[in-house]
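Both complexes below contain subunit A, partnered by subunit B and then by subunit C.
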Partner chain A sequence: MTATATTARPARNATAVYVFAVCRGLAAPALAGLPGHRDGGALRLLAAGSLAAVAQEVPAREHDEEALRRRLAEPAELEGYARAHHEVVAAVAAATTAVPLPLATLYLSEERARQAVAGNAARFHRVLDRLTGRAEWGLKLYALPREPAAAAGAAPVPEAGAPQDPPASGRAYLERLRGRQRDREARREAAWLAAERVDAAVGELAVAARRLRCHGQEAGGPERQVLNATYLVDAGRARELAALVARLRRDPALAAHVRLELTGPWAPYSFADEGEAADGEG
Partner chain B sequence: MARDEPVPWQGEEGPYGPLGLPLVDLLDRVLGAGVVISGDLVIAIAEVPLIRLSLHALLASVSDRVPAPWADGGRL
Partner chain C sequence: MTARVDLDAESVGRDLAALVLTIVELLRQLMERQAVRRVEAGELTEEQVERVGTTLMLLEDRMGQLRAQFGLAPEDLNLDLGPLGSLLPRD
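On to the complex of A and B.
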């Protein structure tokens, strides 16, 4: 038996230790009632020096790379896995300051998990200090399709084969097509500018900000996401944030172009590092 | 109609209500969480083939209402 468990599959009844989050040992919350992963045991706090890891024993054969490749490839399993993870992280983060760990952070034994946490205690404490009294808020902006007024005022471009209202000439027709293209570009530009403006305004209120990857456009959907950002905000400023977003929504210059969606407060997933990613993906 | 309130899943029962939040926003975060330590069994899950491969299934099945994450970039 060797320790290279990443290449060989774990024994049939071997267990692994799944770690959800790390908090200060003295502030560790009660975990009763939190189920964690369906196939695991009761949630436990693993003491690791001055820190505590929120952990669960799970069957290793169901959580090794091969098993997860299979399980997470099924949408329902992926969703269940992600929500089980989040439920624990969110409950812990609601009760105390915690560093959320990424999905599927697994150790071969409790001892290995303790070592990993204790060995990085200084980094965890720095992150915990940074997260104390703060929460993550998500902000998404969607470019609106052409507003009805403009759509009604503009000369319609007939669909191919539409018999009514034929263009006076091919030239006029092309001119209209170009106009529509220019209009589209102008609207896209306006949405991007709105996103920059909103991001700057909200960023001023935040301790740190990150840009997440924009979601793809819904198939055939009218709205394109132009900003998927997330902010670390002092708990005492949450109301201010809500008021700011409400104000931005009412701003006619923005409202004509974008729709804002605020989510949160989140456990501070996106800020669970030492801040090196605080400037986003560039 | 624009809502001035944060998303509805922020209820009285607690600020981090686990149910009802969009899966796509959740995946943005649980997969993209900053990494302070790495695990033994599955390493760097957010960056690598494991999840990228897995997302094929998700991307193929997301409903019209829920846009796929990362559809605009990355080598899936």
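On to the complex of A and C.
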């Protein structure tokens, strides 16, 4: 679908068509006030059979493969590009049911864009049907760095980082290592179990679920991400979802080990394909 | 990701020390884990336990001295392996 492949650089004044999202032709939203990409023209709806593409004409030289490789390698530029994309997708998805397209979906001409959308009409309709009246919610779980001392129970586990008296003997040193390792393993396992439990509970409420790769730990940050999941949820159950997450947060067995972070509703980026792989859950 | 390499002699020396000490630290932690496993399995005599424990304790102590010498904190000795997490456990 991404039609960026041209090896020769486009002419100076050539334009390309950037497509943000696809929606049903009859339900196409108003686009006034949405800027899109800074270097592009006004946003437009391209009719493609029973569908409509939310598109923008952009200078081809700034959006061809070579230019994008350069632009998206710079953090600030990448952020601006992604924000411009996201703003449009989010606004369209808030107004109507829409299939978000991947960042930098470009066509050589309006005609090509229309053809690509119309050619995949059946697939787009299936996805639209699945997304209708639903939104994506993100859920992240972070393992807490260390159990609060009060909850540690009877056996006092020496703090790994805290200053402590040197062990009196080789055996005492090994005992301390053992305690530390057990403590770490126990905390790790508790966090994973918590993640499974939360994912199962939220998945039951969702139409579809998908697990994303956990993000690496922020440099120096004490929290480790143990679940990065996303759920497609009926709009009518958003309140239920919030209540469920609030309940899970209060659950002492979970609260001791993990922190929950719920975000949404989002445009259904993670469910923009037909999601065969994800449908099994929930 | 795009951090520039700063080629002044002092920072290069410190970075190299951090890298070398990270590897040493990895081996040290592996040895510790192995020792704990063997104690748990009851493979060592009382005397061996004492000796291994003392050796590891001295090694940890020496590691702390080396870190201090290069002005490195414990968390400086680690490598981010992206999707695989970090080389050494952070918690």
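In the analysis below, the second predicted complex is superposed on the first by the 257 of 282 C-alpha atoms of A that agree within 3 Å, B and C clash if a C-alpha of one lies under 4 Å from a C-alpha of the other, contacts with A are read in each partner's own complex, and residues count from 1 in each chain.
FYI, a residue touches a chain if its C-beta (ideal position, glycine included) is under 8 Å from a C-beta of that chain, and two chains touch if they have at least 3 such contacts.
Because the structure is a prediction, the values reported are computed rather than measured.
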Contacts of A:Gly49 with subunit B and subunit C, given as first, second, both or neither: neither
First, second, both or neither for A:Ala82, with subunit B first and subunit C second: first
First, second, both or neither for A:Arg187, with subunit B first and subunit C second: second
Subunit B versus subunit C as contact partner of A:Arg171, first or second or both or neither: second
First, second, both or neither for A:Asp273, with subunit B first and subunit C second: first
Partner chain in contact with A:Val117 - subunit B first, subunit C second, else both or neither: first
Contact breadth on subunit A, by residue count: subunit C or subunit B: B
Partner chain in contact with A:Arg213 - subunit B first, subunit C second, else both or neither: both
Residues of subunit A that lie at the interface with subunit B and also at the interface with subunit C: 73, 75, 213, 216-217, 219-220
Subunit B partner contacts - residues on subunit A that touch it in the complex: 5-6, 16, 19, 22, 60, 63-65, 68-69, 72-75, 78-79, 82-83, 85-87, 89-91, 93-94, 99-108, 112, 116-117, 119-120, 123-124, 127, 135-138, 140, 212-221, 225, 228, 230, 242, 245-246, 249-250, 255, 259-267, 269-274, 277
Residues of subunit C defined as touching subunit A within the complex: 2, 32-33, 35-36, 39-40, 46, 49-57, 74-75, 80, 82-83, 85-86, 89-91
Touch list for subunit A against partner subunit C, complex: 73, 75, 143, 145-146, 161, 166-167, 169-174, 177-178, 181, 184, 187-188, 213, 216-217, 219-220, 222, 224
Contact set on subunit B toward subunit A in their complex: 2, 4-7, 10, 14-19, 21-43, 45-46, 50-51, 53-54, 56-58, 61-62, 64-74
